[in-house]
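Each of the two complexes below includes chain A, the first together with chain B, the second together with chain C.
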Partner chain A sequence: MKKIKMNINSIGMWIVLVTIVGLVAFSGCTDQEEIDTEKTDTEKIEIEQKLVIAEPWGISGVDPAKEGGTLNNFLVLDTLTVMEPDFSLVPGLAKSWELIDNTTWRIYLKDNIKFHDNTGLTADDVTYSFERNMEINPTIRRDLGIKSIEKIDDYTIDITTEKPDAAIPAALSYAKAVIYSKNSVESNGIIIKPIGTGPFKFEKYNKATDILELSKYEDHWNGAPKLDTVLIQGGVGEASTRELAIEKGEVDFTTEPPLGSTEILKGNPEFNVMIHPLCQGYKLNFGNLSKAPYDDIKVRKAIAYAVDKESIVEHILYERGEISNGMGFVPGIEWRNNDLTGYPYDPQKSKQLLKEAGWEDTDNDGILDKDGKAFKMTLYTWPQRPALPPLAETVQSQFKEIGIDAEVRIMDWSAIKEHLNEWGAIRVSGGSTCMRIPDPSYYLERHFYSEGTSNSYGYKNEEVDLLLDEGRSTFDKEKRYDIYREVQEIVVADVADVYIAYHNLAVVTKSSVKGYVPNPSAHDYRINPDIYIEK
Partner chain B sequence: MLKSILKRLGIFILVVVGATALVFFMLHYIPGETADVMARYIFIGNIEIEPSSEDVALISQHYELDKPLIIQYVSWLSRSLQGDLGMSYNTGQPVLDEIVIRLPATIKLAVVSVLISLIIGIPLGIVAAIKQNTIIDYICSTGAVIGVSIPNFWLALILIMVFSLYLDLTPVMGSGGVEHIILPSITLGTGMAAVTARLTRSSMLEVIRQDYVRTARGKGLAEKTIVVRHAMKNALIPVITIIGLEMGHLLGGTVIVETIFAWPGIGKLLIDAISQRDLPIIQGCVIFITVMYVFVNLIVDISYSIFDPRIRYER
Partner chain C sequence: MISLLHDVTEFGKNRAAMLGLLVICLLIIIALLAEVISPYDPTKIILEDKLQAPSSDHIMGTDHLGRDVLSRIIYGSRVTFQFSIIVVAITAIIGITVGIVSGYYGGVVDEILMRFVDILLAFPGIILALVVIGTLGPGINNTILAISFVGWLSYARVTRGSTLSIKEKEFIESARSIGSGNIYIIYKHIYPNVLYPNIVLATLHMGSVILTVAALGFLGLGAQPPIPEWGTMLNEGKEFLRVCPWLSIFPGLMIMITVLAFNFIGDGLRDALDPRMKEVVIK
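For the complex of A and B:
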């Protein structure tokens, strides 16, 4: 009895001692800034017009030439043209544009635009931003297809291109073609406080906490936004954390909660769950189209028919997806070929096609073989996108039904490339934005032009190459529609890849957040000036 | 004492050179071409889009990745020996700034977690040893096994659910305030507490059986004095060793806990840098972690002499 008491005393001693040490350690910490919890909000009679966002990716930097479009998505920096939620192209900082000769586009700027430091926007800022962006990141020049950019007068610039290029007005809406004031640049050439023209001003970015703070810009040419402040907590990479943070009320707005939580959140009246298409999706990429077995179109078709897209959307994507028509463009894009139907699930047809291609199960082991070679292959995928591993496993079991023995290997995406030349390798991929600019050339050229930057599988069809060249240099929109629809038709008929489903983004907001307009053209989401907080 | 510190400094430089060289060369042998990965991050800003071969060539040239590895390493080493750790490939900011800015958060989390592990672990271990083979001992030991076995990510999410969501006591995530550190440090601390408790128990058991403890009992000293002044002091030496290792480990960052709580520490910086092949940052982190390990071990060694006067560093 006595001993126990003594032990408790010594435990007490420890606790006191350690608490003191702990307090000393803590006294060094000062509160820098923190995301206010709901308590402080409700104490105020007037509702604070403040939006707190939990962003999955780290913000990491604010130099517009280096960051991947964050400042554009949060409405700090504008582009000359803008892609609307319906993927159409509308004027941004430019009021209009015209083609003055085959390789020169003339852009007329709006003359009433002011930067956040109250200086007016002129052609000098535009040429400066473009030149700085293209110098720091040379791929911007190639992606935009710009040869040079020249000031004509204070509100007019000329953009010249190497070849006739119908995609230029669309390319100017690219998130990396943002315009900022020369005054943003520090004496050492870097930008730590970007000065833009958007509805929100950059206040500060705290790297230690990864919090970006924006405030309302009262003098915006199109009227001030409704929110006073926007706080973005970057680097909330864990989906469960984002879900818990919004359930607790710590944040007002977040995206991509765990796939399995969609229904639970939807059933709770405290939240708004919006699931809307993004121009992204899931697909199978053949490792090498010029080698067996995928050099045979019958085998490719058989693979396309073997995948049960419906069950994938229902059971793997939990409705956060939509079956594709075989092409990457989501419904609603004007350039989409809506006549395409893709390859609906049909294992019988698949088996038939494989048989025609010479693949038969001669030794009755359940695996197809041809000339003594069994159809054993590997599905490669990466873990960062949560739906990919289960999706690959589903495809594996669906392949088994038609007699293909697939192994699933999950590895870092950068390591997969080296394996794609293995016999029969297929990459199960996700992401791959189809509309970073509202022009079909971006996606189609990257993936299906014989020299396209994303065409690592070696798709080559001379007719497609010719059409893509023609589409890029044709200025008549009606003609372009026809050209690009034909390209889509050929590519799907060729089964260059097997597009399974589009990826839908889940945006979760508190129900007090009003006025958010889902924007499928964004990467991955974009706020809008009409968002406000209502009690 | 001075001599031993100087000797340590010499070893430390060797360790840094060795560790950075190892990491540097290993990075080039992990799958995925460095320039290819960098092009995705730096130029495209989307890892899932493949860079063109021009982009890859451009990156190689710009960051001198086309030179032989040994030359790349030597030029990095000579620059960093002059105090220039370089700039992050991704953000263009000096490496030192990137590390220093995450330092307070990392150190805070490490210190508080270790404190928690001590508060829980040492008393539990002592009680379990004194009450060996009683129900209290079994409870403590079972608790310790459970504590070691619970995965951090699971514990973290459960703690958030209980303390943030149901009880509304702590924030779910973020950093900066005192309240933000509670859950991450409990998550880390409890796992380590289990180890500390097990170790304290076994080391305590060994010590209680020593002759001098019997002598102390024979002298008629109070049990409290025997346990605290005679037994515990000696029993804690292995515990201090393990605390040192844990501290060093925590200062190197704790990726899972940092990710779940959106805690901006060194661990996440390093892991992100590795996946982005941001070499200057990786090397900077390696140096930092080595420094921390060496420093913590130095403190541990010095503290041995406080707990056990037989250990001295005179020669």
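For the complex of A and C:
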């Protein structure tokens, strides 16, 4: 009886071993076969002029007042003004605009624009879209800074602001300030089939599979796009899933493959890998600037000097990042203060500053202390951006060098908020697109105005508030340059946050996909009408 | 005593179980001597040394932050064992207590406790663990809590079953007739007799706990970096699976070997302690 049992056990072991060997040996074969069958599909797609995109973020709906700019990014809905890839502002649905008094902008619309349902665009659609967007989503009103919008005649509207506002023409290019036809709205007030004016028509959106389908709009005022159909698979959040999808030929276009795979994909002639700057970055956000220990500027400076930005960019971000000079604007943006140098890596200076602030290792345990309190804190970050967890771990080890004992906690982005008031908490963050509205006020006010929407860390400097108010209501561009450069100088001197590196986006396409133009102003990319599939 | 000797001999005859025991003993020694045998500091980040292939300097290579994978595996075994032993101890104590109380006293107590167990059993364990961690946040302590929350159910079930059959035995009746109290009977007669099936269960449970801990670590909900935990290492290695497979292969192998070893031991113990093949211990 026992003998039989024993044999069963050894047979079990053999089965396990054979299965493992089998899996390893045959996995390669299956992949090859799959690639071969996919090849025929690829050829079909090429003839079809169809672009399939794997998008990291979820699409989450098609009501323009509620979604975050997807329909503008994929060229279904247009805006009154348009931001070019070089951050300059050009006419969109509006042909021109002028300031008629300090708080009123007059916008003249193009008169040859047709919606996808063949009706013409008039001022009514524009006022309707703006009013609906701002009513359903009050943050859009705050972002745009618009008080009211009024029709003057069929092709003219007036936009009134509370205070003089130089940023309005730029704000009109915001991906959330999109224009759509009144006919899009169903009887119950919602939109499930948006009718826009862009180069692509909305075909359908499947909420369950998160797939958005678009088709060519032949009668577009600026000529039809080259692609016939665009299919967007939303919510492919896992970097390795996106990589496999493009390698297996399931999609033609995707972004942000795993950090470790950039070289492999670059070496494969079947793919085209473009790494281009975005106006985004990686930084440390102090949990609360009004509370100890970060109410002391010396501690903040010490933290800024303790981070080895160069080595982080080289070893963690690879080519997907560039060292920052301490400011959120990437090189090339005209508003950027290029004279800033930021805080280069200098652990000695960092220790010195902490000593001046009263932080010393009195009990020789390697951790600084002050009045009996050890410098123990937590670095919070989230996993969706693949570079963030290793970045946090590296910062943790660099903090250790200067005597700060940090713990890393990786959790959902939304759950971090509750922890930011803990003693010494820091958020290691990525993102913060700086030019979603191509005006310096967008980024600087959000992050450094005392009531800014992204100023969760409680930065408050009255001088900065006054300058930001002044910059917004100054119409002379040269004066605005000076004001906003001064703001940047002050916030970097104040160490309101610790900017580490700018984020470079990796776009992977099949080599047959031609005509993609990087757009550093987008979050994270924008397709363009000139993309086509080479036969 | 004779019975114990019999069990040990039976167990010794089972080659797979002995192999499992050997592996586990080896791993425990490694975990205990981590400081001595580990060649590098498992949390020391040297970015310049990142992603090195296995070599004589780094037998299992280095990870994306230049940490030695072998050292992390060695320290990882300590984390894994600590984790799992704590979880199994907590769950076994709760489960056995609930099981004995439920089985011995019966009636309303039994009804209430067992319906509660039924309700918890109806939930998939990992989902419940995810809910607990989602509410309390990720981390070692919360993971232990989350896994323990559902882990004790099977102990309670098994113990209750055994208790029900044992309490009808004649020696319990005679103990009662000479005036022994409930607590005395439970401690002296019931408890030793329900221990054997629970030992088997605990050994098999070790394997599944290690897997759950690794799964939660892989999902980023278990041990937080830079703690070298096998599941977390798998998760970190995933980004570099194509270029540096050793980052995932070694922790993966360790998880597999350890779980397999515990399951072999569990199977061996079950055969050796099979209650149908031996007499009830009477103390």
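Please note the rule applied: the second predicted complex is superposed on the first by the 487 of 535 C-alpha atoms of A that agree within 3 Å, B and C clash if a C-alpha of one lies under 4 Å from a C-alpha of the other, contacts with A are read in each partner's own complex, and residues count from 1 in each chain.
Heads up, the rule we're going with is that a contact is a pair of C-beta atoms (placed from the backbone, for glycine too) under 8 Å apart; a residue touches a chain by one contact, two chains touch by 3 or more.
Predicted model only: the values in this text are computed from it and were never measured.
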| item | value |
| --- | --- |
| Partner chain in contact with A:K182 - chain B first, chain C second, else both or neither | neither |
| A:G68 touches, of chain B and chain C: first, second, both or neither? | first |
| Touching partner for A:V408 - first (chain B), second (chain C), both, neither | second |
| Chain B versus chain C, judged by how many residues of chain A each one touches | B |
| First (chain B), second (chain C), both or neither touched by A:E250 | first |
| Partner chain in contact with A:P390 - chain B first, chain C second, else both or neither | second |
| First, second, both or neither for A:N137, with chain B first and chain C second | first |
| Partner chain(s) touched by A:A239 [first = chain B, second = chain C, both, neither] | second |
| Touched partner set for A:K207, first chain B, second chain C, both or neither | first |
| Chain B versus chain C as contact partner of A:T453, first or second or both or neither | first |
| Chain A residues contacted in one complex by chain B, in the other by chain C | 2, 6, 9-10, 240, 411, 415 |
| Parts of chain A lying in touch with chain B, wherever the complex brings them together | 2-3, 6-7, 9-11, 14-15, 18, 21-22, 25-26, 29, 31-35, 37, 54, 58, 60-61, 63, 66-69, 137-139, 142, 176, 190, 207-211, 233, 235-238, 240-241, 244-245, 247-248, 250, 384-385, 411-415, 417-418, 429-433, 446, 453-454, 456, 523 |
| Chain C - residues contacting chain A, complex | 10, 13-17, 43-45, 47-48, 50-51, 64-66, 137-139, 220, 224-226, 236, 238-244, 260, 264, 267-268, 271 |
| Chain B residues within the chain A interface of the complex | 30-33, 36-37, 39-40, 42-52, 54-55, 58, 90-93, 98, 101-102, 104-105, 108, 111-112, 115, 118-119, 122-123, 126-127, 130, 157, 160-161, 164-165, 168, 171-178, 180-181, 222-224, 227-228, 259-262, 264, 268, 272, 275 |
| Sites on chain A touched by chain C in the complex | 2, 5-6, 9-10, 12-13, 16, 239-240, 243, 258-261, 263-264, 311-312, 314-316, 383, 386, 389-390, 392-394, 396-397, 407-411, 415 |
